[in-house]
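Heads up: the structure comes next, in structure tokens.
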């Protein structure tokens, strides 16, 4: 069982496979979140992320442990980037590997959904003429 | 919309991200099938895949088109390897990217489930002292 | 008529391709080809399923097969 | 007592960290800290939600806060 949790400057999706491959795994499911060019038809120049790292790592660990308790997983990866990211750049990657595919798909979806709900990371959308903290206001 | 369908000798998961990233995509979901060391507690030395390539590519295209019709996707990748593969090696990769994550998760699951059911590819499990065509017999 | 074999059916037949010569009783539909093959190669009747592709697309039992069709025998697929 | 601010709350306060000095009326629970902050920084009351972490874990409204706790203000998270 390998569990990789980290806050990084740059996400390299290619490298997470080495971390997720396992002799007992027949399936690896990975989700990568990337910067979209448009939000509600407004052009996004980029995103800027900040985090409360100490707490973020603890919350990521809770999510990983919850997934491990819920599904039969071999490896789990949760990585989130901080700093400024341009369109198409990866900002988050989560993945899990398991003997059979339903487990890694369900776990992967759980990892990203829960990360978005609980991990203390904040995203500012930068438009040409303004920037907005996402979800801050009703 | 980019659609990559291929039968390859070697799968390199790192390269599919370049193919799946898209300015309109906020999410990329990828599934990689890898060789497991044990089947029903028997140690597997490796797998050997063969295909009817002309038909396999047509069936892959049907699957990709069905996914594109069903979900709002930007890019789709379906790649399957042929030849001998050792434990932990990737044998298949499918992926999709979309504006929001539910679509790419659902499409990715559909791609691998349907590939396994319809694409003319055959897998022989090689054990120490025998080899068996998977699913050939009831 | 050339018939392609894959996976376990290639092992059963001992060839990746055989040619059915023009003769009386040559199968003219998918169904008759399958029963012809299962009779000639009894091991083929023991498989979980047996599909036939005509011109690289899955065919129905009543699909006709002609001399210049590419006909392929598809044992249970197991990709992924 | 040091209080850490992140995201929009850091912009509202104009600092990543402030120190509450010992004084009468200093908040002693998460709930009283939140109302103290929302009074001092009215913009904070307009947020979709406002959570507080005590020693880097989400705290409840009635969680007590002490001088040597690490207290952080958590505006709506938006990772991913």
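Order of writing sets the chain letters: A, B, C and D. Residues in each chain are counted from 1.
In this text, a residue touches a chain if its C-beta (ideal position, glycine included) is under 8 Å from a C-beta of that chain, and two chains touch if they have at least 3 such contacts.
All of these numbers come straight from a predicted model, not from anything done at the bench.
Within the contact network of the assembly, the step distance from chain A to chain D comes to 1.
If you average the Cα atoms of chain B and of chain C, the two centres end up 26 Å apart. One simple way to say how far apart two chains are is to compare their mean CA positions; for chain A and chain C this gives 48 Å.
One inter-chain figure worth recording: chain C and chain D are separated by 73 Å, centre to centre, where each centre is the mean of the chain's CA atoms.
Annotation for chain A: residues 33, 112 touch two or more other chains. Residue numbers of chain C whose C-beta contacts span two or more other chains: none are found. Taken as a contact graph, with one node per protein chain and an edge wherever two chains touch, the assembly forms an open path, each chain linked only to its neighbours along a line. Pairs of chains in mutual contact: A-B, A-D, B-C.
Interface of chain A with chain B (complex): residues 12-15, 17, 21-38, 87-88, 90, 97, 99, 101, 104-105, 108-109, 112.
For chain A in complex with chain D, the residues that touch the partner chain are 33, 49-52, 54-56, 58, 80, 91-92, 112, 115-124, 133-138.
Residues of chain D that touch chain A in their complex: 4, 6-8, 11, 46-48, 53, 56-58, 72, 74-80.
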